[in-house]
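You will see two complexes here that share chain A, one where it goes with chain B and one where it goes with chain C.
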Partner chain A sequence: MSNEQLLALLPFMVLAGASIVVILMIAARLSHTAIQVAGFLMLCFTVLAMGYVRDILPQEILPLFIIDGFAALYTGVIIFSVGVVGLLSYIYFEEREENPKEYYILLFLATLGAAVLTISRHFVSLFLGLEILSVSLYALIAYLRNRNNAIESGLKYLILAALTSAFLLLGMALFYMETGSMEFNAIGQKLAGSDPGVLFKLGLALMVVAIGFKLALVPFHLWAADVYQGAPAPVTAFIATASKVGVFAVLMRFSLAVNLQQSEFLLNVFSGIAIASMILGNILALRQQNIKRLLAYSSIAHLGYLIVAFLPGTREGIEASVFYLFAYAITILSAFGIVTILSTRMKDAEDLSVYRGLFWRKPLLAAVLAVSLFSLAGIPLTAGFFAKFIVLLTGANYNLWLPVIVLVLTSVIGLYYYLRIISTLFASAPAAEPRHKPLHPFFHFVTYATLFVLMVMICVLGVFPGPAIEGIRQFLMIR
Partner chain B sequence: MPIERYIFLAIALFCIGIAGVLIRRNAIIVFMCIELMLNAVNLLLVAFSKMHHLKATAANATAGIEGQLFVFFIMVVAAAEVSVGLAIIVMMYRNVHSVDINFLNRLKH
Partner chain C sequence: MLRRSLASLGMTNTSSRHPEPSEASVRDRRRIKERIMENYLYLIPALPLAGFLILSLLGKNLSKNLIPVIGAGSVIGSAIAVILLAIQYDPENPVRQILWQWFSSEDLSVAISLSVDALTIVFLFVITFVGALIHIYSAAFMREDRDYARFFASMNLFICSMLLLVMADNLVLLYLGWEGVGLCSYLLIGFWYEKPENSRAANKAFTITRIGDTAMLIGLFMLFQEFRTLYIPDILNNVSQHFESGSATLTTIALLLVGGAVGKSAQLPLQSWLPDAMAGPSPVSALIHAATMVTAGVYLIARMHGIFVLSPEAMAIVAIIGAITLIIAGCSALVQTDIKRILAYSTISQIGYMFLALGVGAWSAAIFHFFTHAFFKALLFLAAGAIIESLHHEHSIFKMGGLRKKMPLIFYTFLAGAASLAALPFITSGFFSKEQILGYSFGAVNGNPILWVVGITGAFITAIYTTRLMVVVFWGEEKTHVSHLPGPAMTLPLVVLAILSIAVGFIEWPHNLMHVAVFSDYVQNVLPATVERENIAPPLVLQGIAIFMTLFGIYVGYMNCYRKPIWKANNYQTPLFQSLRNFWFKGWLFDDLYNNVFVKPFLFITTVNRKDIIDKIYTGISNGASQLHRMFSVSQNGSLRWYIGGVLAGILIIVTIQMIV
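Moving on, here comes the complex of A and B:
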C-alpha cells in the first residue's frame, strides 16, 4: 500500500479512532460533557481530513475500497447527519440514562459502518460495513433498556436485519458462483457478454430483497414504523438519515459497476418498487396520530422518490440523488430534533396531541417544525421542493413518465397529512404547563441554535440551490 | 462430487432456516435458525471457492480464494450478531419474563 493510499484512508481512520477515543475517555471516567465535546471534535477532524486529502483523490485500494468524489460526498452527508444527531443526543440521554456514555461508541461505530459502505467496491467490504452498521444499530435501538418499546423494536429489527443479511449473503454467493469474483467491476465485466443462469437471477432477487429492507422500500417496509416508534428519538434520526445514505451509496455504486440500469427487466422492477413505496407510504401516513410513525411512513415515500433519481443511472441521476439526500437529511433531522427536545423523561413526544398549540408556547420550535414539514411536503422556497424538482427533471429527461406522474400525484396526498400537523401547531393552546428550569442551559442553547441553523439551511437551499449543486458537480468530477 | 449436490444441500439448509424463522415462536430458536442460514451460505461459498480453484490456470493460481476468505468474515460477524442478540433477548426476558416473540406486539398506532 502506497503512502497516498494510506493518506486517502485518513478520514475513515479518524472516524474509527473516534470510537476508540470515547472508549478511553470512559475508562478515564470523564464526564458526559467531555465525551460529547470530544466526539464532536473528532467529527470535525474527519471533515478536515477529508478536505486535506481531497487533492490526491481518487485512490483505489485494491481490492476492497475506492475513495473518490462520489464517496466523499456521501460520507459528507453521513458525517453531517451524525454531527447533528450527536448534538441532539446530549439533552435526551442526560435526562434518561444513568450511563449515557457508551451510546457514543455505538454511534461512531455505526457511522463508520455507513462510511465504509460508501467507499466499498467489493462484497467483503460491503458486508462488513453493513454489519458494523447493523450490529451497532441493534444496540442503539434497544439502548433505553428499561423501556418495553425500545426492547421490542430492537428485537424486531435484530431478527429481521439478521434474516435479510442471510439473504444478502446467499445472493452474493450465487453471484460468486456465476462470475468467480467479488469485485463490483470484475462482476460487471464478466456479466457483460454472458447470459446468466437461473440461480444467478435468484441471487439478484435476494440482493434486491436485502437492499430494499435496509432502505425500507415497499414491500420490505414492515419494520420501519415499529422501529422508528420504539427507538430513542436521536437514534431514529440516525436510522432515517445516515444508515440509508450509506446503503443507497453502495446500491448506486454497485448498479453503476454492473450496468444494472441497462436491463429493461430490472428497471421495471425498481420502478415498480419506487411506485409502490410512494403510494403505500403516503397512504399509510394519512391516518397516523403518532408523529414518529408518521415520519416513518413519510420516509418510505421519500425513499421511493429517491429511487426515481436512481433509475436513469447517469451523472445527472447521481447529482439529483446526492442533493435529494442532503436536503432530506437536513429536513428530517430538524423534524426529529423537535421530537427530541419536546420529549419528557418518561415518554417521547410522539403523540400528535403534544404538538397542539405549540406555536403559542414555543414559537421557535413550532417554526422549525413547520418549515421542515413544508420541506418534506415539497412547498416552494424550501430545500425539499428543489430536491423533488431536480429528481422530477432527471426522471422526465429519461422518459420515466410513470414514476414521475406517480411522484407528482402522491406528493399531493402527502401535502394533506403534513398540513394537518401544521394546523395542529397553530390550534388554540391548552392550559400552559408549569415551566421547569432546563437542566443544562448551555446545551439547550446549543440544541436550539442547531435547529435554527438547520431551518436556515432548508430555506437557503430552497432559494439558492445553485452553489450546492455546483459543489456536488465538482466533487463528482473526481473519479 | 458435482457442484449441484452442494448447491442442493445448501439451499435445503437455507430453506429449513427460513421455515424455522417463520414457524418457531421462541426468540432463541429463531436465532439459531438464522445461524443455520448463515452456515448454509458458508458451505456454499466454500464449495464455489473450490469449484473456481479447480478451474484455475497457472496464470491465476489464487483463483477462488476470495470465497474461503469471506467465510471467516461471515463467522466473525455471526458471532458478533449473536452476542448482541442474546443481550437483547436477556433484556426482553427481564421485562416480560418470556422469550416468546408473540409478546412483541405492543407497538401500535
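Moving on, here comes the complex of A and C:
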C-alpha cells in the first residue's frame, strides 16, 4: 500500500478513530457534554481530512476499496447527516437515559459502516460495511431499552436483517460460482459480451432482497414503520438518511460496474419495485396518525422516487440521485429534528395531536417542519421540488414513462398527507402549556440554530440549485 | 451612488486623453452623458418600490410624520430623477438599461430592462410629477385614516408598477406593470374595505379589467408566435416586413390588444367599472382613475402603433369605440348627482377622445390630450376631494352650493380645471388638445365627417355638464355648512395643477393659427406623423364651429342651471324625459345588461351544478385511495412472521418471473 493510498483512507481512519476516542473518554469517566463535543470535533476532523485528501483522489486500494469523487459525495452526505444527528442526540439522550455515552460509539461505528459501503468495490468490503452498519443499528434501535417498543423493533430489525444478509451471502456465492471473482469490475468484465447466465441472474435477484430490505423498498418494506416508530428519534433519522445513502451508493457502484441496467429483466424488476414502493408508500401514509410511522411510509415512497433516477444508470442518473439524496437528507433530518426536540421524557412526539397549533406556540419549529414537509411534498422553491424535478427529467430523458407517470401521480397523493400535517400545525391552539426552562440552554440553542440552518438550506437549494449541481458534477469528474 | 458613479466617470474622462475639444471628445462627452442617465434609470421605479417595501414591512411602527415623508418623498425623488432625465434626454439616442435577465427559455428571453424614449418621458413626467403632487395632497387628506401607511404603501406600489409599465421595452415586463397597476387599483378602490359596497366595487373593477387583460394576454401569445420575440422595438421594426397591410392575423392581434386597452381605459364595452371605482379615496381617483392608470390603454396602443398602422380595420374600430364611448359617457355625466361620478363619466368620455384620436392616426394629438387631461382631471378630483371632506363627506352636488364665497381658493382652481375640461377657447390647455383631436377626426386620412360630428357633439355635452357642475356646486345658496378649509399641503398641489391646466396648452397651437408645436416635435421620433387628407374644409371653419359649440354648450348649461335649476323645471318632468334621465343616470343600463346576459346565466349554471359533477371524479379518487389505504394497512400488523413471509414472497416473485422470462 503506497503512502498516497494510505492517505486517501485518512477520513475513514479518523471516523474509525472517533469510536475509539469515545471509548477512551468513557473509560476516563468524562461527561456526556465532553463526549458530545469530542464527537463533533472528530466529525469536523473527518471533513477536514476529506478536504485534505481531495487532491490525491482518485485512489484505488486493490482489491477492496476505491476512493473517488463518487465515494466522496456519498460519504459527504453521510457525514453531514451524522453531524446533524449527533447534535440532535445530546438533549434527547441527556434527558432520557442515564447512560447516554455508549450511544456515540455505536453511532460512529454505524457511520463507519455506511461510509465503507460508499468506497467498496469488492463483495468482502461490501459485506463488512453492511454488517458493521447493521450490527450497530440493532443496538441503536433498542438503545432506550426501557421503552415498550424498543426491544421489539430492535429484534425485528435483527431477525429480518439477518435473513436478508443470508440471501446476500448466497447471492454473492452464486456470483462467485458464475464468474470466479468477487470484485465488481472483474465481474463486469467477465460478463461483458456474454449473455448473463441463470446463476448470475439468480444471484442478482437474491442481492436485490438485501438491498431492498436496507432501502425499505416494497415488498421488503414491512419492517420500516415498526422500526421507525420504536427507535429513538435521532436513530430513526440516522436510519432514514446515513444508512440508506451508504446502501444506495454501493448499489449504484455495483450496478455501474456490471452494467446492471443493460439487462432488461433487471430493469423491469427495479421498475416494478420502484413503482410498487411509490404507490404503497404513499397509500400507507395516507391516513396515518403517527408522525414517525408516516415519515417511514413517506421514506418508502421517496426511495421509490430515487430508484427512478437509478434506472437509467448514467452520469445524469448519478447526479440526480446524489442531489436527491442530499435534498432528502436535509429535509428528513429537519423533520426528525422537530420530532426530537418536541419529544418529552416519557414519549417521543409521534402523535399528530402534539403538533396541533404548533405554529401559535413555537412558530420557528412549526416553520421548519412546514418547510421540510413542503420539501418532502415537492412544492416549488424547496429543495425537494428541484430534486424531484431532476429525477423526473432523468426518467423522461430515458423514456421511462411508466415510472415517471407513477411518480407524478403518487406525488399528488402524497401531497394530501403532508398538507394534512401542515394544516394541523396551523389549527387553533390548545391552551398554552407552561413553558419549561430548557435544561441545557447552550445545546438548546445549538439545536434550534441547526434546525434553522437546515430550513434555510432547503430553501436555498430550492431557489438556487445551480451551484450544488455544479459541485456534484465536479466531484463526479474525479474518477 | 450617483455621485460616486459620476466621480468614477470623471476619472475615466481625464484618463482618456484629448488635449483639445475635438469631435471625438464631444462624442465622448455625449456618450458619458448617456452613461450617467443609464446608470440611474433604474432609480425611477426603484424609489417608489423601496417606499412600498419600507411602508408595508414597517408601516405599523412608523410615526405619522415619517410615513408621508417616505411615501411622498420616494415619488418626489423619482420625479426629480425624471426631470433630470428629461433635461439630458437626446431624442436621437433613446436610453436603455438592462438590469438583469429575468428568464429565458428557448426563443423567449425576457430581461428586466428599462428604456426611455420621448413617449415614455411624457408618461414618466405625468406619472411622477402629478403623482408627487397627489402624494403631497394625500399626506394631509389621509392623515386621520387608521391605515395611513397602507395607503401610501399601495400608492407607492402603484407608481412603481405604472413606471414599469411605461418604461418596459418588452411586453412581458409591460404586462407585469399592467397587472401591477390593476392590483393596486383593486387594493385602493377597496381601501375602506369595511363597507361591503367598496369591496364590491373593487371586485367589479378587477373582474372587468381582467376580461380585457385576458384578451391582451392572448394577443401577446399570438405576437410571440408570429415574431418569436416580445421585445417591442424588434416587433415594431419587423412588423412591416412580416405582414401585409390589412392582414387578418395582424388585425386579430391588434384587436386583442385593443381588448386589453379597452378594459384598462374603461371604454365601451368594458367601461362600467370606472364610475363604481369612485369608492376609493379621492387622491386615488385623481391618480389612478383619472391621470395615469386609465390611460394605460392609450399608452399601449400608442406604443404598439406599428401594428395598428398596418391594420386599418383595427384603427377604425378604435376610433368608433372612442366616438361612441365619449357620447355615452358624456350623456351619463349630464345627469349624475354625485360629484365624483360626474368626473368619472367625464374621464371615460375624455379617454374616448384619446381613442378617437388614436383611431384616426392622430398619435401625437392623443398623447397631448392625455398630457393636458392628466393635469386638469387630477386637479378636478383633488378639488372635489377637498370639497367633499370639508362638507362632511357629502357627495351630492345638490347639497353643495354657494361654495364660491366659502372656499374661494378651491373655486378658482376648480374653475381652471373645469374651463380646461370644457375646452374654453384659447386660454385653457383642454382647448388646444381637444381642438387637435377634432381637427384630425375630420382631416386625417382615417377621419371622416361623422366622427367629427360626434366629437363636436361630445364637446357640446362636455361644456353643458361642466357648466352644470360648476354652477350647482359654487353658485346658489349654501346648503351644507363648510366645516373647515383645506390646509396648505392640499391647496399647494391644487394651485400648481391649476397653473399647469391653463399653461401646458400653449406649447402646442393649432398649426393654422400659430406655429408652435413643441409637443408634437418632441414625440415625432417615436410616433408617426398624422397623415392628412387633401381638399377638405378649411380648418378655420371647423375650429369656428367647434368653438361655437363649446360656447353654446356653456350657455345652455348656464341657462338651465343658473337661471332655473334644470331638473326641477316643469318641461323636464315628462315621463319620457324622466325615463331617459334614468337611463343615462344608470350609465345606459350596461350594468343591468351584463347582469342579465352574463352574471345571471352563470349563477344559474352554478346553482344547477351545485353538486359538482366533475368533482365526483376527484372524490372518487380520494375515496379509492382511502379504501386502498385501509386494505394495505392490514399488511402492517406488527407480526414478525408475516413480515418474513413478505420478504420471502418478494424473493419468490422475483425468482419466478426470472424463471419464466
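Here is the rule we use: the second predicted complex is superposed on the first by the 475 of 479 C-alpha atoms of A that agree within 3 Å, B and C clash if a C-alpha of one lies under 4 Å from a C-alpha of the other, contacts with A are read in each partner's own complex, and residues count from 1 in each chain.
What we mean here is this: a residue touches a chain if its C-beta (ideal position, glycine included) is under 8 Å from a C-beta of that chain, and two chains touch if they have at least 3 such contacts.
The structure displayed is predicted, hence computed values, not measured ones.
K.L.:
Who does A:I159 touch here: chain B (first), chain C (second), both, or neither?
P.N.:
both
K.L.:
Touch check for A:D226: first (chain B), second (chain C), both, or neither?
P.N.:
Both chain B and chain C are touched by A:D226.
K.L.:
A:I413 in the overlay: touching chain B, chain C, both, or neither? Say first, second, both or neither.
P.N.:
After superposition on chain A, A:I413 lies in contact with chain C alone.
K.L.:
Which partner does A:Q289 contact after superposing on A: first (chain B), second (chain C), both, neither?
P.N.:
Only chain B is touched by A:Q289; chain C is not.
K.L.:
Return first, second, both or neither, reflecting whether A:A139 touches chain B, chain C, both chains, or no partner chain.
P.N.:
In the superposition, A:A139 touches chain B alone.
K.L.:
May I ask you to decide whether A:F452 touches chain B, chain C, both, or neither, giving the answer as first, second, both or neither?
P.N.:
A:F452 sits against neither chain B nor chain C.
K.L.:
With both complexes superposed on chain A, which partner does A:Y398 reach: first (chain B), second (chain C), both or neither?
P.N.:
Neither partner.
K.L.:
Tell me which partner touches more residues of chain A in the superposed arrangement, chain B or chain C.
P.N.:
Counting residues of chain A touched by each partner, the higher count goes to B.
K.L.:
Would you check which partner chain A:F45 touches, where first means chain B only, second means chain C only, and both and neither mean what they say?
P.N.:
Once the two structures are laid over each other on A, A:F45 reaches no partner at all.
K.L.:
For A:L128 in the superposed arrangement: first (chain B), second (chain C), both or neither?
P.N.:
First partner only, chain B.
K.L.:
Could you give the residue numbers on chain A that contact chain B in one complex and chain C in the other?
P.N.:
Comparing the two interfaces on chain A, one with chain B and one with chain C, the shared residues are 155-156, 159, 163, 225-226.
K.L.:
Hey, which residues of chain B end up touching chain A in the complex?
P.N.:
Residue list for chain B touching chain A: 7, 14, 17-18, 21, 27, 30-31, 34, 37-38, 40-41, 44-45, 48, 51-52, 55, 63-64, 66-67, 69-70, 73-74, 77, 80-81, 84-85, 87-89, 91-92, 95-96, 101, 104, 106-107, 109.
K.L.:
Show me the residue ranges of chain C that touch chain A in the complex, using the header's touch definition.
P.N.:
Answer in residue numbers: 622, 625-626, 628-629, 632-633, 635-636, 638, 640, 642-644, 646-647, 649-651, 653-655, 657-658, 661.
K.L.:
Show which residues of chain A lie in contact with chain C when the two form their complex.
P.N.:
155-156, 159-160, 163-164, 167, 198, 201-202, 205-206, 208-209, 212-213, 218-220, 222-223, 225-226, 265, 268-269, 280, 283-284, 286-287, 413, 416
K.L.:
Please output the residues of chain A touching chain B within their complex, sorted ascending.
P.N.:
Going through chain A, the ones touching chain B are 123-124, 127-128, 131, 134-135, 138-139, 142, 145-146, 148-149, 151-156, 158-159, 162-163, 165-166, 169-170, 172-173, 176-177, 180-182, 199, 225-226, 229-230, 288-290, 293.
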